[in-house]
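Labels run A, B, C, D and E following the written order; every chain starts at residue 1.
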Amino acid sequence: MTTTTSRAGRHAAESGTEGGRRGLLGVLEQMWLIPLVLVAWELGARQGDSIYFPPPTTIVTHMYELWFSGPASHLFLTEEAVDNLPPSVGRLLAGWAIAGVIGVGLGIALGRSKALSGYIDPILEFARAIPPPALIPLFIVLFKLGTQMQLATIVYGVIWPILVNTVDGARHVDRVHADTAQVFGLGRRQRLFRIILPAAAPKIFAGLRLSLSLAVILMVVSELVGATDGLGYLILFKQQSFDLAGMWGAMVLLSILGFVLNASFLFVERRVLSWHRRAQQTT
Amino acid sequence: MLDVVNLSHTYGKGPSAHQALGGIDLNVAEGELVCVVGPSGCGKSTLLRSIAGLIKPTAGQIRIRDVAVSDTPGDLAVVFQDYSRSLFPWMTVGDNVALPLRRRGGDRAARRAAAADALEEVGLAAAATKYPWELSGGMQQRVAIARALAYRPSLLLMDEPFGSVDAQTREDLEDLVLKVRELHRMTVLLITHDIDESVYLGDRVIVLKKSPATVVGELSVKLPFPRDQIATRELPAFVHLRAEVGRLVRGKDPFRPFQA
Amino acid sequence: GNSNGSSTASGDGKALEKTTISVGVLAIADVAALYIADQQGFFKAEGLTVQPKILQSTAVTLPQLMGGQLDFALANYFSVLSATENKAGSFRFVADTYEAKNDVFSIMVTKDSKIQTVKDLEGKKISVAAPNSIGTLAVGSTLKVAGLDPNKGVQFVPMPFPNAPAALKSGQVDAAWLTEPFLTNVQKEFGARKIADTMTGAMADFPIAGWAATESWTKKYPNTTAAFQRAILKGQQAAAADRKAVEKVLPSYTHITPDVAAVINLGAYPTSLNAQRIQRVADLMVEYGYLKAKMDVKPLLVPLPQ
Amino acid sequence: MISARVARGAAGVAGLLIAGELAGITGLIDPDLLPRMSTVLSGAVSLATDGDFLLDVQGTLLVWGLGLLIAVLIAVPLGVLLGSMPRTERAVRPLIEFMRPVPSVVLIPLVTLLIPSDHGVKVTVIVFAASWPILINTMYGLKDVDPVAKDTLRSFGFGDLSILGRVSLPSAAPFMLTGVRLATSIALVVALSAELLAGGSDGIGAYMIRAGAGSRTDLVLAATIWTGVLGLLANSLLLSVQRRAFRWHTVKSGGGS
Amino acid sequence: MLDVVNLSHTYGKGPSAHQALGGIDLNVAEGELVCVVGPSGCGKSTLLRSIAGLIKPTAGQIRIRDVAVSDTPGDLAVVFQDYSRSLFPWMTVGDNVALPLRRRGGDRAARRAAAADALEEVGLAAAATKYPWELSGGMQQRVAIARALAYRPSLLLMDEPFGSVDAQTREDLEDLVLKVRELHRMTVLLITHDIDESVYLGDRVIVLKKSPATVVGELSVKLPFPRDQIATRELPAFVHLRAEVGRLVRGKDPFRPFQA
């Protein structure tokens, strides 16, 4: 613990980085660990010398050859990349968005209505424990097309953090806030959009952020069965053909994808929740 | 307009239960301003929350315009004792004040104007675009008052609304409440622990005693309107009434918590 | 039963380095001989206690062999050869266990599908257990016979066997490459139609899978390896000799019901480890581009003890 | 009140089951493809006395419980550390964000190479997957602590550590527990997925492989039902802990009225 | 003991920046009780938070016993204006009061006894096993006071500590503060908006003006000790001082926020 630096001092430092003076220094402060880890990995992998754990340089060369050595007209993407990346990312984002809408909507309803949550909670808690792979037979029957089924798998897999956190947030709106809304006779819509949603927003955002990287994972899972393209399919294919550097490449691609998505998400969150952050800093 | 009949409330159940209200009867006529005074923890806020429909009293009845209410009555505004928690930190001060005005109809611009007017009246014209947590305690309290006044409710409940402001501002706010209720014929129930204030503001003062709260006395304040901070307080009638209320508050069993 | 009364001497008197062995199996007919050998006490006679571990696919089998969780495992030739060429481990086959026969791996379509012949499959979606596997090889060879491109002629949809029937029935795939008991089930349950038996021609009597261990394991535990080979061989012989023995053992490790077990088509249980036969797999894989270069399978085999 | 909740829950579940059965009867769901709800249910009932299956359940419970426990032990302190030290958080965040999207199913073969025990592999991937919700919820919970409460202790001269232990942790605890509730089901899901993928000598997933290989979709679904029941039970347990330990949280927010 | 030198603080940066303190100088001698009065929003709480080391002032210095402090000084207790948020809802009232006593050493039983005593002194002996959210606003405020007093700090900072209690209780609490600081030789800085109170309690009254806050005047209160709620307030010197402070507060530019 940094007992020596005063809290006020820390705040000053923080607001400094938040407030525009980013640039090189900020990047340095945030990223210095990455090269360190990469070097350690490279050394470790070279020492271990196992085909299953290739060093990063091998992986990167492989990735370049496989996906990024294409023609300039395709943004240097190869055919394999063009065929597999966009469909995957599209499904991921669509699935996450659908889960977000359903999760927040249902979560608010359950968080605010005791009766509804009484009826539905056990079913949801039950459903939450069922692994998506076990449901694929059901999904195959319910959703005809491949994309539909993959979307269903993603939505089913990522909705829970959003739902559970939203319920938590909506249920625990500060009592005086809720009372204020009630005595001023705010309508349902206003109560929802002006009180409950903003009050629950910090928790909803925690759920959305969890779900975003879960969506990357579920995208892969959904493509392991019945898909003919996508990153997951690619991983399965590489694994099956013992192209391990290729598999690692796909995994690194997943990581980068998840990182970029998370960074964009935090960017949005910082704006939407700026009141929260600032209210927490200044008392 | 407001009738409270034999209202009782007990918090909790079993051995740790605590009876806060023990059969309160009171009524407030249309357009009247009634002040409630009573010792700390006697049950004033509980009474107010019951009238606002925020807690369901364990016994008794609340009638507004002779209709028994169980839920929050319409056309009501409340200034909470916990004013800082009743402002929404995600909205600017202006939005906080304008929010309930939707019920009054009118477009966005009209609502904004009304909110700005109300903020101006409590001396916070410049704070409209700030957030509540950028304000001092007293300023937050004034925002809560501005919100309630801008709403122009027919029934206004205020729970120690001037507890965090300086004497000068307090006087101004008191006069503001008198002015607004005059102008818009509001009915006001105001909780305070300042005996002077209760006499200065009220048409009537109701005194509660503690554990559980019951009404120990009521006084009609027959002081002329408009009231004036200096002139009214100098009236012999005012001084007398103030002493009366003081006696009622101290009561037969002198409230002296410190000599346990 | 796996009695734990392990003796330290094997059948031929040599000391066993390891008496309890963990064996990776798939819940399919291929491994019937292992269960027969176990139930009839062949392992016990060799002083071995076998602990079977159910796996779902070969994807994790080889890592588990390398990681030491498994001593032996059922491994299909296709995967091991592919792994060998990619230097993803060094494996040895110690016994052959399953060989394709007629109507054990077939392409099925629904009753009222428009697809009548293999040629009609062109451009259609067909489910196989995994991409880049024996399934794509078998279907590819069938396509080639019909004059289609073995790799691009159809769209392969990877899907575990248990999921495939539903996908077929609901129209998610146009055809499914299936094995038993799913073959029998889809015919019985919704009258699916067979388009082609994939194990004919070049693929006739095709070697499917054998028992594998890592090279270092066989070197470290030669006597245990030999003991395992002897016991499994007896099991193979029992399975090859009497279909009833297989039928009887199937329900004990899968949920195939006895009545289904009685009617499904079974492959053959070879009783030798023949390099020439297995070389066919390597050669065919080269022909279809699954291996980049010719490969001699002989060094991959640990000859059966005489 | 509790009984009302149970009654509602039972009604909800019954409604779902009846709807499922009706979908089967009316042919809305092709009976060739999916067994009837009643068939699945009777299968589930018979599983309750099936010794083999109970052993499998035991195996799953073992890796699930162990995985969850380790995840809590790792993620809570880490979340607290990162949530209370913004500088460290900023440095470690990229690393974490690169790791979070890695699917545990893809990791299984690799972990298999490193850990020579079947259960060890499963526990490892469970820990990997189940730590994230606890970590993230802990971090967000710590950010949500009332600054006046922290200032109070600080003004009494308490150091950062005491403030953490006496204010930040207690006030973040309810949301951390929500994270644990999320992790509980994720851990179960991953346990099953790992068993389905990596197999094993026991585990509900291994049972599902055997049933699936026998083309017994009804038994696969029956086993699935038991997973759901396990998750439901674990969640109710945690919820009752939450209700008991964090009454202040519920009352203060009016959630309990 | 406490020296504040040219203290300035500006909230925020850029165009929305707000200067709350504009160069404040004040000092408090060992054992002295100084009251600070000033209009709502002038910067009193900001001043207090700076002294407590909770915000880092943008300029100026704070010295305690001639040592410049940048962090929270040791041996300090604060009663926050936002008292309800400064109580921990997961602890009973008794535990809330006993918590800071850990810094004083002593075993559990001793701490409990000290907490019970302090609660008794503020008239809440019966509330020790309750939770803060089971108390009324005024009771919560008294808990916060009890916590600070039980701690027996050498420097006590109080931000409008009696804003939510009734007149009677307020008087008792005022006397309690006087008694405790006498007994334990505490140095006290007390913010209030009640001019009477500032004169009744203080050895000295410091008056701030607004936007940004600066000291407009200081008055020594040379009233005899012990003070008595009735006798002291009747003294001509008291009445005079009260008027003096009132004049200072209104100042040359009369503070009238409502005539904008």
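The rule we apply is simple: a contact is a pair of C-beta atoms (placed from the backbone, for glycine too) under 8 Å apart; a residue touches a chain by one contact, two chains touch by 3 or more.
Everything quoted here is computed from the prediction, not taken from an experiment.
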| item | value |
| --- | --- |
| Reaching chain E from chain C through chains that touch each other, fewest steps | 2 |
| Touching chain B and also chain D, the following chains | A, E |
| Contact-richer chain pair (by C-beta pairs counted) among C-D and A-C | C-D |
| Length of the line joining the C-alpha centres of chain A and chain C, rounded to whole Å | 39 |
| Chain A and chain B, separation of their C-alpha mean positions in angstrom | 48 |
| Chain A-chain D separation of Cα centroids, rounded to whole Å | 17 |
| Shared interface positions of chain D, touching two or more other chains | 30, 33-34, 109-110, 113, 148, 151, 154, 196, 217, 220, 249, 252 |
| Per-residue overlap in chain E, given as positions that touch at least 2 other chains | 11, 49, 53-54, 72, 82, 85 |
| Numbers and ranges of chain A residues touching at least 2 other chains | 7, 52, 137, 140-141, 174, 179, 224, 239, 282-283 |
| Residue ranges of chain A in contact with chain D within the complex | 1-3, 7, 10, 13-14, 17, 29-34, 37, 50, 52-53, 115, 118-123, 125-135, 137-138, 140-142, 160-161, 164-165, 168, 171-175, 178-179, 202-203, 205-206, 209-210, 213, 216-217, 220-221, 224, 235, 239, 247, 251, 254-259, 261-263, 277, 280-283 |
| Parts of chain D lying in touch with chain C, wherever the complex brings them together | 30, 32-34, 108-110, 112-118, 121, 196-201, 206, 209-217, 219-220 |
| Chain D residues within the chain A interface of the complex | 4-5, 8-13, 15-16, 29-30, 33-34, 84-87, 90-95, 97-106, 109-110, 113, 132-133, 136-137, 139-140, 143-145, 147-148, 150-151, 154, 159-161, 164, 174-175, 178, 181-182, 185-186, 188-190, 192-193, 196, 208, 217, 220-221, 224, 227-232, 234-236, 249-250, 252-255 |
| Residue ranges of chain A in contact with chain C within the complex | 51-52, 136-137, 140-141, 144-146, 149, 224-228, 233, 236-237, 239-244 |
| Chain B partner contacts - residues on chain E that touch it in the complex | 11-12, 18, 37-46, 81-82, 84-85, 120-125, 134-139, 142, 159-160, 163-170, 172, 176, 193-195, 246, 249-250, 255-258, 260 |
